[in-house]
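Take a look at the structures listed below.
Shared chain: chain A. Partners: chain B in the first complex, chain C in the second.
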Partner chain A sequence: MSSLARRVAGRRLNRIDGVGKVTGRHVYAADFSLPGMLFGKVLRSTEARARIVRLDVAKARALPGVRCILTASDLPALRFGTAVKDRAVLADGEVRFVGEAIAAVAATSLEIAEQAVRLIEIEYETLPAVFDPEQAIARGAPLVHEHWDRYAALPVFDRLGNMPGRCSMTHGDVEAAFASAYRIYEHRFSTQLVHPGYTEPRAAVASWDGNGDLVVWANTQLPFDMKNMLAEILDLPARKVRVIVPGIGGGFGGKLRVGVEHFAAWLARKSGRPVKVMTTSEEELLDAYPRQPTIVELKTGVSRDGRLVARKGRVIVDCGAYANSGPPTVAIALQVLAGPYRSANLALEGIAAYTNKGSTGSFRAPAGPMANFAVESQIDIIADDLGIDPLELRLRNVFREGDEGPAGEKVVGVSIEECLTKAADAIGWKDRKPSQGRGKGIACSWWLTTGGSSGVYVKINPEGTVSLVSGAVEIGTGALTGAAQILAEELAVDLTDIDVTDVDTEVAPFDHGAQGSRTAFSVGNACRIAAADLRRQIFAIAAQQWGVAPEDMVLQDKGVVLGNKRMSLAEVASLSQRSGGGLISHGTAIQPMPAHDPSRVKNHPLPAWTSPSFHAHATEVSVDQATGEITIERYVVVQDVGFAINPTYIEGQIEGGVAQGIGQALSEEIVYAEGRVLNANLTDYKMPTAMDAPRVDCILVEHPSINGPYGAKGVGEPPCIQPPAAIANAVAAATGVRVHALPITAEKIALALHGEEK
Partner chain B sequence: MTRIALDLTINGELHQVMVELHWSLLQVLRGELGLVGTKENCLEAECGVCTVLLDGKAVNSCILLAHQCRGRSIVTIEGLGDPEHLHPLQAAFIECGAVQCGYCIPGMILTAKSFLDECRGRVPTEPEIREALSGTLCRCTGYQKIVDAVALAARRMEERHE
Partner chain C sequence: MEVTVRVWGNLRRFLPDGQGSAAIQVPDDTTVESLADQLALKHELWAAAVNGRVVELSTRLRPGDRVVLFDHVHGG
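Coming up: the complex of A and B.
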């Protein structure tokens, strides 16, 4: 079926939740409240590492309006975590970063709760801390977790001391290849701590019912993961925990894990009242799930004609005080270090490191921008040194269809050459001239479409409308509008005929969650399966009504058709309700992991990428020669989306992702000094505004994947991967200054251009 | 803590509320009146999601004391248009694909409304629109489709003006 023949999928239709959002009727978790609800507030550590020698809540408890105060001594001594169970709900005798939760208060108003937190008396005994990840993994460093070896952890991660995860990808013989290489390049790059920057704070309302069941309304991206995690934290069977997700005001990977839900749940349990907890901007910048700072060391050997013959690399991600997703993030970094290039010889190593700073998470394309900044900066350095056009050097080395990927898997659906060429054409690459203060840069990448399963229930109602119940959360991307477009296409109805319900873990089928560029892809596939089952049911009912065989029937224009016979879906649904239980189906989907060579990969949870996407970014910048200030004059993205389910919202993903990438490239950083955040507010944490974000030219390439609905590939994460590298390369072309450490601030450029004047 | 009685005109309706002197307008709108279309985030006038119209001008309701609004007219997103009768800005935001998570959108639309009213029927340039919206953070869209939506609404409102 060509895309022209499609009525719904592939069209620029309005999103299904738009009206509620523009009229203020769409209710977000932050807006949610219950009668009798209390407000929770958390006391946070002011020390980077210390023993708590005295904690006295008596004065706080005496404050009128305070209903409950919790410290570690009120809770079971258990630890939770995704990769490593290393974190307690409230610090149990020792704090490991400034901002760590120590006590939680519930009161009849937020103001009283805040006042009570200030009345809690605490004394610390300072302990040795470590803030630098390289120092943390060196011999003799103070252990962030003295008893790390007693923690439970997923077996895939190889842990030691301050390293909660180590992994590697190797093949060939890098040392031999280096020995015969024409030239060898060694560089070190670093990237900074950046916050996802969702505009809705993390929020949760928890309530316990008469059966001792917990209901939590929260803005989580992973409701099923949240359900299980809360059950663990509250020491309950999972059936006792129900998670409902009202609207969610952005996530970007920052709302995957337990944030405030556990505080709300414990406070509600102990107080016997519903409790709401919501973060402040300061709390977001002290204790959330930002992107890990990274140090990348990269050694690349090339032949005389610019073929990459060997690559050795080491990535260290700074997890902060708790591992969370640091171990899987550093594993994914290895594929970003390898691709999208052919490499005969690879030796890549990843290390996740504990330090006494805030914990980190899985911000959009975890590992992507960090590793890509290193790879794509170095490619330009090599091109410059060899006197080869950076575009040409890339084209000589990128994957071609069917090439072997880093884990020995066969890479298919490859379009990187087309992406690069189109990006270069769009930015006017061939016409670029050396000019003072103005330059063009290019960068490319590949990324996975994360697997994991999706289930949907689909029901056709007697009025002919369709209800889609999915366990996947709409975090704003439009992914569920996309999935609904696929469902509408398959059932021959309009997009406006489809209603999508909010996620409730009690009623929705399982979904692996809104993460990893997978929602439209995976839920879309599940919708196709569910629709196929509905078609069989519809045809069987029509066959019975018409007294004919069900063969050759089709769905068309909201009805079933056979020759000149026609019955509307509404009629079929009514008949089905009278004779059976109505038209209802269940669809499930999961992507298979490509076959690969396990001997190449150690301690890696995602050794071979599923349905990879390919992309190239090109930009033109101007740089003020006096101040070093960078202006993005043009920005082009060419992204292979496989099949564009809804081009409008795909452009939205690209434009928004580029703006986030530009924030990381130029202005954003959570700045730490000796374990303290210096800029825990939105005045000093500088995200791009409408005046900073450029217009982005989006060019969509549709090179189909094998597994996606109509050939679609994951879309959401890739756009934020290349901006740091593309901009760094353009800045180098404009000024001759190569910045190895993000962000590329005006100050760094000016200092490089004019030297340090004192 | 003592509360004072306060009359507030919100979306054309008179509301009588008991407020404490230090309460922000945002706190009263969301907490006392249940008008949660006005969003809450940074509480320091940096993000703009709490923007409402005060006597027609966009203000950050998080740093405005409720009692300062006595006798003045407040418009929140709930008062701009309803699902059956969208304001041209609301319609344009949907048509242009300017809405993603939507949390900044009420503030963004009211900021744009205040700005277009100041333009008095003149269609502003793109740099002017970008400057006008620069006090409201959006993390989803990269602003492009929001800027396009404001320009589209401005053109339509100009036609209506003529």
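Coming up: the complex of A and C.
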């Protein structure tokens, strides 16, 4: 069925959560409070690596209004983590980065809690630290975790010392291919530490009930993972933990993991009162889950006519002091390094490294912008050297339908050629260097639609409305509006007939979470399954009423129809409820892992990508020849979304993702010097504002995926992948200056254009 | 025979009370895949390790094996 034949899916309909959000009535986690609630605050390390030799909370405890103070000695000696269980709730005798939590205070006001934190006395004995990831993995470097080998870890990751994860992808004979290559190019690229930049800080309110059960209201992207992780941290069965997400002001991967929830839960347990903990901007820039700084070394061999014949690469991601998402991120980087290009010979290696800096996370498209910046910058360098148009070089090498992916999987739904061509046409590629200081750049990529299961409960009510209970959080993307559009389509109702409940792990079915470009895709699939079950129920009731067989019945315009017989869904729901039960169904969907060749991958948790999407970005920039200031004049995104469930919100995702990518390309960086963050505030940490974001022209391409609802593919993450590479290529076209290290600041351009003038 | 099963993250919900690990009685010819089926988590199983080594899902289990099951990684 084409989108033209659909009533609801594919339409630009208003989002179901829109009114509450634009009127300010929506309650976010940061707004949430309970009667009698205390306020929590965390004492954070001022040392990058040190032993805590004295920690005295007596003065803080004596402060009126203080109800509870916790240090590591008050908590069980356990460590938590996703890939490696390497982190304690509060530093247990040793701190490993500036900003690490050492003690937590609960008091009757936030001001008293802050004052109490300042009254805690602490003495450190400084220990050797390491801040550079390459130095960290070198022989003889100080170990960030002396007892790393005692930590529990997912066995898929190969760990050693300061490397909490190593992985590889290999195929063919790279060295032989290099030996016969026409030319070989070797480059090194680096990217910086950037914050996800969500609007709402991380916030949680925790409360224990009379049965010893914990309830946490938090702005997490993964309520079920949070429930399980808190159970682990608090040493409870998971059934004793309930997580409710009242509202979430953006996440971008920065709210996947436990951030403040464990502090709130422990303080509430010890104080016997509900406790709220919320981060400040400073804490966000010291101890959140930003994007890993990354070093990519890339060696590519090409034939005389510009075919890629071999690629060798090494990626090092700087996890900071705790592994968190670093090991899977570096694994995903390998697929980004390989594709969307065909290459018969690959040797890619990924290393996650510990350093004495803040821990990092899974910021939107983890590994995407970092690896893509290297690949797509190098493609342009190769094209220039060979005298081939960069667009043409790409077109000669990109995947075609049915090609082998890097793990030997069959790549389907391929549209990269169309994306590139449309992006080039839209930006006016033929005039790539229109004037001095003005240039155009292009970059392309591919990305996965993350798997994991999604469940929904759906109920048709006697008044004909539909209740959708999903375990997925609406994090601001409009994904649940998209899923509801699919449900409405399947049940022949209007989108406005559907009510979606907020997530409560006690009542909602399991969902793998709002992350990885999967929410509308996966919840939408679950809705289709639940709707199919409801149709069976509806047809059976109608068949009984009419004394006919259910064959040939259809749902149409909020009712069931057979020939000239018609009964509204409201009537069917009433009949169903009167006979006991009601129209209720459950749907669960999960994407299968594509078949692949396991001999090509080693220590990789995600060897083959599910339902990949394809995209190309093109931009035109002007560069001030005196100051090096870069202005983005035009920006075009062509993204294959498989099927555009709601084009308006897809375009919103693209525009926002481009703005984030521009931030990474040009201005954002959490700057460290000897383990200290120099710009832990939102004045000196320079995110683009609305004034900095250009108009983005979005062109949606629809090559259906096999597994998505109506062929949809994941949408949310890809838009932030290509901006750094596309802008770097445009800047190179405009100025001749090739920047290998993000961000591409005016200072770097000016220095390259004029040298260090005195 | 008895094997020890440890699950990470979201797979906890498939063990009694949402515990992270449990001793499970299984038939003698059990594989990792059939163990996952027995625990009703086969549809969410992404990879597995036995006695610290990542294994194929068709791997046969032996008495006392320590099995770790994990689900899909998270994105951004």
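As a working rule, the second predicted complex is superposed on the first by the 755 of 758 C-alpha atoms of A that agree within 3 Å, B and C clash if a C-alpha of one lies under 4 Å from a C-alpha of the other, contacts with A are read in each partner's own complex, and residues count from 1 in each chain.
Quick note on the criterion: contacts are C-beta pairs under 8 Å (C-beta built on N, C-alpha and C of every residue); 3 or more make two chains touch, one makes a residue touch a chain.
Predicted model only: the values in this text are computed from it and were never measured.
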Chain B and chain C placed together on chain A: clash or fit? fit
- prompt: Between chain B (first) and chain C (second), which, if any, makes contact with A:478: first, second, both or neither?
  reply: first
Ask   = Touch check for A:224: first (chain B), second (chain C), both, or neither?
value = second
*For A:400, is the partner it touches chain B (first), chain C (second), both, or none of the two (neither)?*
neither
Once the structures are superposed on A, label A:453 by its partner contacts, choosing first (chain B), second (chain C), both or neither.
second
For this session: Return first, second, both or neither, reflecting whether A:513 touches chain B, chain C, both chains, or no partner chain.
Result: second
Could you say whether A:252 touches chain B, chain C, both of them, or neither, answering first, second, both or neither?
both
Which superposed partner A:687 touches (first chain B, second chain C, both, neither) = first
Partner chain(s) touched by A:14 [first = chain B, second = chain C, both, neither]: first
In this superposition, the partner of chain A with more touched residues, chain B or chain C, is B
Across the superposed arrangement, the tightest C-alpha approach of chain B to chain C, in Å, is 14
Footprint intersection on chain A (chain B / chain C) at 252
Chain A residues touching chain C in their complex are 82, 154-156, 222, 224-225, 228-229, 231-232, 237-240, 252-253, 256, 325, 328, 362-366, 448, 450-453, 510, 512-513, 515-518, 588, 590, 593, 598, 603, 605-606, 717
The chain C residues in contact with chain A across the complex are 8-10, 12-13, 17-20, 43-44, 46-47, 49, 52-54, 56, 68, 70-76
Listed in rising order, the residues of chain B that touch chain A in the complex are 30, 35-44, 46-47, 49, 76-78, 80-83, 86, 90, 93-95, 97, 99-106, 109, 129-131, 133-147
Contacts from chain A onto chain B in the complex sit at residues 12, 14-15, 17-28, 30-31, 196-201, 247-252, 278, 280-281, 475-478, 648-649, 651-652, 654-660, 681-683, 687-691, 693, 695-696
